[in-house]
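Next, two complexes with chain A in common: one pairs it with chain B, the other with chain C.
On to the complex of A and B.
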C-alpha cells in the first residue's frame, strides 16, 4: 500500500511538472498537445477546491453542533443563529437551483432565494464593512503621532493623498489660479512614483520568495505540522 | 479638554454627522480628473463594437460602495457604445450584481441579454483555471449563469479564445485577480486591461499602470465619480463624494488636533524636566 505522504508528494510533483513543462516548452516541440490538455487538467483544481469547501462545511457543522449541545448559553445562541441561517439558505438554494424536476418552481421560493442572497447576504456584507470606517477614524486619531521626521513625512504624504483624492482637496486651494489641481496632481505623483516604486521593489522580493516557496511545495520539501504528523 | 483623549463615541458621532449631512443636503463639489481614470475612458472609446469586453465582477456586498458605482459607470459606457459585454468573476456575489446593473441599463440603451451582454456567473478562476479558459472560452464556460448553452448565445458566435475579446476590465474588491489576468491572459494575447479597485487596494496596481500593462485604474469612489463625469451621467458616486470628502477632512482635523496637543504636552514635559 502506498503511504499517504508519498501519494500526495507524487501527485503534487506530477501536477507541478505538467504546468512547468507546459509553460517552458515551445508549443512546436509538443505539437500543442500539452496546451490542449489544459482544459482537462485545469478542472481538477476546481474539484479539489470543491472538496476543500466540503471539508470546511463538515468542520463548521461539527463545531457549531458541539456548541449547540455542550456550549455555554452565549455559544448556544450563536449556534442557533448559525444553524437557522445555514439550513435555510441551503434548503432554499437547493430547491431553487437544483430541485428534482417533479417539484414545482414556485415564485415564492425564487423570491425567497433572491431575498436571502441579494437583500440579506449582500446587505449584511455592506453593513459590516461600513463599520470599519468608524474604527479606522478612531484608530488613525489615536495612533498617528509625529514622534520623528519619518512620521512627519508620512503624515504629510497621507494628508496630500487623502485630500487629493476627494473633491474638497481641489476646492480648498481653488482660491488662486491653478490651485485646484495642486493636491490631486501631488496625490497622483505620490501614488505613481513614490508608492509605485516601493511596491515594485516589494513585488520583486515577493516574487523571488514565491519561486522558492513554489519549489518547496512542488518537491514536497515543505515542513509543517500536517506532514510531520502524517509521516 | 484633553485633545489627545477624545472619547471614541464622540468621534463616531462626528463621523456620522460629516457623512450623514452631505447625504441629506445637496452639496456640489467639482470632480477632479486623474489620468488613470481617463485612460480607461479613452481606451473604451476606441474599442471595436464587434468584439466583446470581459467585465469581471470580483466584488460583493462588502465593497459595493466603491465597486458598485464603478461597475455602473463602466457598463453604461460599454453598453451605450454597443460593445458586447461578457460578465464573470471569482466572487459569488459579483457577477449577479453586475448583471442586475446591466439589466437595469439595457432597456434604456436598447440592449438585450444574450446579444449585447451575457453573464457566466461565478467561476473559480485562479491562474491555473484561467489558462484553460483563455484558450477556449466556449468549451470552458459551456453554459451561462441561467443554464443557457453557449451555442445558443448569439454574443459568443465569433468568440473562441481570449484573443477574440478586445479588453478585460477587472472590477475588484479582492487581492490578486488583476495580477492573474495580467500574468496569464495578457502575456498570451496582449489584450488591453483595466482595473477598477477599492481605494485601499489601489497602490499595488500603480506599477502595472505605470508600465502600461493597465490602460487605467479606477480608484474607489473617486474613480467612479470621475468616470460618471467622463460619460456625462452623474450618479451615486458623484452624490456620495461630498460625504467621503467630509470623512477625509475629519480624519485630517482629528490627527492635527491630537498632534498639536501631543506637541504641547512634550513641550510642557520637557520644560518641567529642565
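On to the complex of A and C.
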C-alpha cells in the first residue's frame, strides 16, 4: 500500500510536470496533443471544487441552524435572515434554471429570480462597493498624517498627483507662462516613472517568489504540506 | 489573452529554468547544512507579536486566506495559517478563520486541525471557528466585518489574494482595535494594506513567509535562491538599459530575444 504522503507527492509532481511541459515544449514538437489534454485535466479541479462547495453549504447551514435554535436573540435574527434568503434563492433558482419540463415556467418565477438576483444581490454588491469611498477617506487621513520625513514625502507626492488629475491643479499655476502644465506633468511623471518603476520591481519579486513557492509545492518540499505533520 | 502566448519563448524558458535552477541549487546547499544568510523581514517578525497580543488581551485572532481559489497564492497563505494556528493552540487562544472560496474551506479546516494535533491539543480545536462565510467578494467582506464587530479580535492576519474589499476589512479591524499583519502579492492592494495595517508584507516576501518563519534549512535555501533570481533580473535590467542606450530600443539584441 502506498503511503498517503507519497501518493499526494506523486500526483502533485505529475500534474505539475504536465503543465510545465505544456508551457515549455513548442506545440510543433508534441503535435498539439499536450495542449488538447488540458481540456481533460482542467475539469478535475472543477469537480473537486464542486464537492467543496457542498461542504461549505453544509457548514453554513449547521452554524446558522444552531444559531437559530440555541443562539442569543441577535444571532437568531441573523439566522432567520440567512435561512429566509438562502432557501428562497435556492428554491427559486432551481425552479427557474433546472426546472423539469413538466413543471410550468410561470412568468412570476422568472420575474422573482430576476428580482432576487439583479435587483437585490447586484444592487447590494454595488452598495457595499460604494462604501469603499468612506473607508478610503478614513485610511487616507491616518496614512497622510505627517509624522516623519517619509510620511511628508508621501503627502507631498499625493498632493501633486491629486491636483495634477483635476482642472483646478492647472488653473492654480496658470498665472505664469506654461504654469498650467506643471502639475499635470509632475503627476504623470510621479505615476509613470516613480510609482510605475516601483510596482514593476515588486512585480518582478512576486514572479520570482511564485517560481520558488511553485517549486516547493511541486516537489513537495513545503513544510507542513497541509496534511502532513511538521517535522 | 490578447498578445500573450501560453507557450514559453526560448528566452522565457531559459530565464525560468535559470531561476528554478538557482532555487533548487540553493535548496541543495541548505540541505547539506551550509550556513545561509537570511535577511530580516520585519513584517514576518511581527506575526508572533500579533499572535501573542491576542493571548495577552484574552481576545481571539482572525485569519483570512484571501478571496482566491486553491493556487500558489493561497497555498502560501495556508502555510502561514498553520504557523498562526499552532501558536493559537499552544497559547490557548481562539483563532477564527474567515474563508471566501469554498474549495479553500476544507483545506483551511484541515490545516487548523493538524496544527492543534501537532501541539497536542486536538480537543481544543473547534471546527466552527473555520468559517465559510460567503462565496463572493463583497458578501464575504461584509460577513467578515460583521464577525469582527461581534468577536472583537485582538489581532487580524490578512494573507492571500485580495481585491477591492482589502481596505474595508482592514479599516474595520482597525476600528475594533486589532493589530494587523497583511500580506498579498496583488500589487493594486498593497497601498491599501500599507495605509490601514500595522505591518505589511508584499512582493516576494509574501511567498517567503512559511520559509522565513520555519527557519528550515531547505526552505531557507529556497529563499536564497529567490534572491539570486532577483539578482539575475536586476543584471538583465542593467544590461537592457545599457544596450538600449547604445543601440536604441529596436536595435537592442535583448529585445529580439524576448519575441
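The rule is short, and it goes like this: the second predicted complex is superposed on the first by the 190 of 231 C-alpha atoms of A that agree within 3 Å, B and C clash if a C-alpha of one lies under 4 Å from a C-alpha of the other, contacts with A are read in each partner's own complex, and residues count from 1 in each chain.
In the analysis below, contacts are C-beta pairs under 8 Å (C-beta built on N, C-alpha and C of every residue); 3 or more make two chains touch, one makes a residue touch a chain.
In this text, all values refer to a predicted model and were calculated from it rather than measured experimentally.
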Touching partner for A:108 - first (chain B), second (chain C), both, neither: neither
Partner chain(s) touched by A:49 [first = chain B, second = chain C, both, neither]: both
Partner chain(s) touched by A:128 [first = chain B, second = chain C, both, neither]: both
Touching partner for A:171 - first (chain B), second (chain C), both, neither: first
Touching partner for A:203 - first (chain B), second (chain C), both, neither: both
Touched partner set for A:140, first chain B, second chain C, both or neither: both
Residues of chain A at both interfaces, chain B in one complex, chain C in the other: 45, 49, 124-125, 128-129, 138, 140, 142, 199, 203
Parts of chain A lying in touch with chain C, wherever the complex brings them together: 23-24, 26-27, 45, 48-49, 52-53, 55-57, 59-60, 62-63, 124-125, 128-129, 131-132, 135-136, 138-140, 142-143, 199, 201-206, 208-217, 221-224, 226-231
Partner chain A, residues of chain B touching it in the complex: 6, 8, 11-12, 15, 19, 29-32, 34-36, 60-65, 93, 96-97, 100, 124, 126, 128-129, 131-133, 135-136, 139-140, 199, 202-204, 206-207, 209-210, 219-220, 222, 225, 241-242, 244-252, 254-255, 258-259, 262-263
Complex contact set, residues of chain C against chain A: 6-8, 13, 16, 19-20, 23-24, 27, 69-70, 72-73, 75-76, 78-79, 82, 99, 102-107, 110-111, 114, 117-118, 127-128, 131-133, 135-139, 141-142, 164, 167-168, 170-171, 185, 187, 190, 192, 194-196, 202-208, 210-211, 214, 216, 218-219, 222-223, 225-226, 229-230, 233
Complex contact set, residues of chain A against chain B: 19, 35, 38-39, 41-43, 45-46, 49, 117-118, 121-126, 128-130, 133-134, 137-138, 140-142, 144-146, 155, 159, 162-171, 174, 180-181, 184, 188, 191-192, 195-196, 199-200, 203
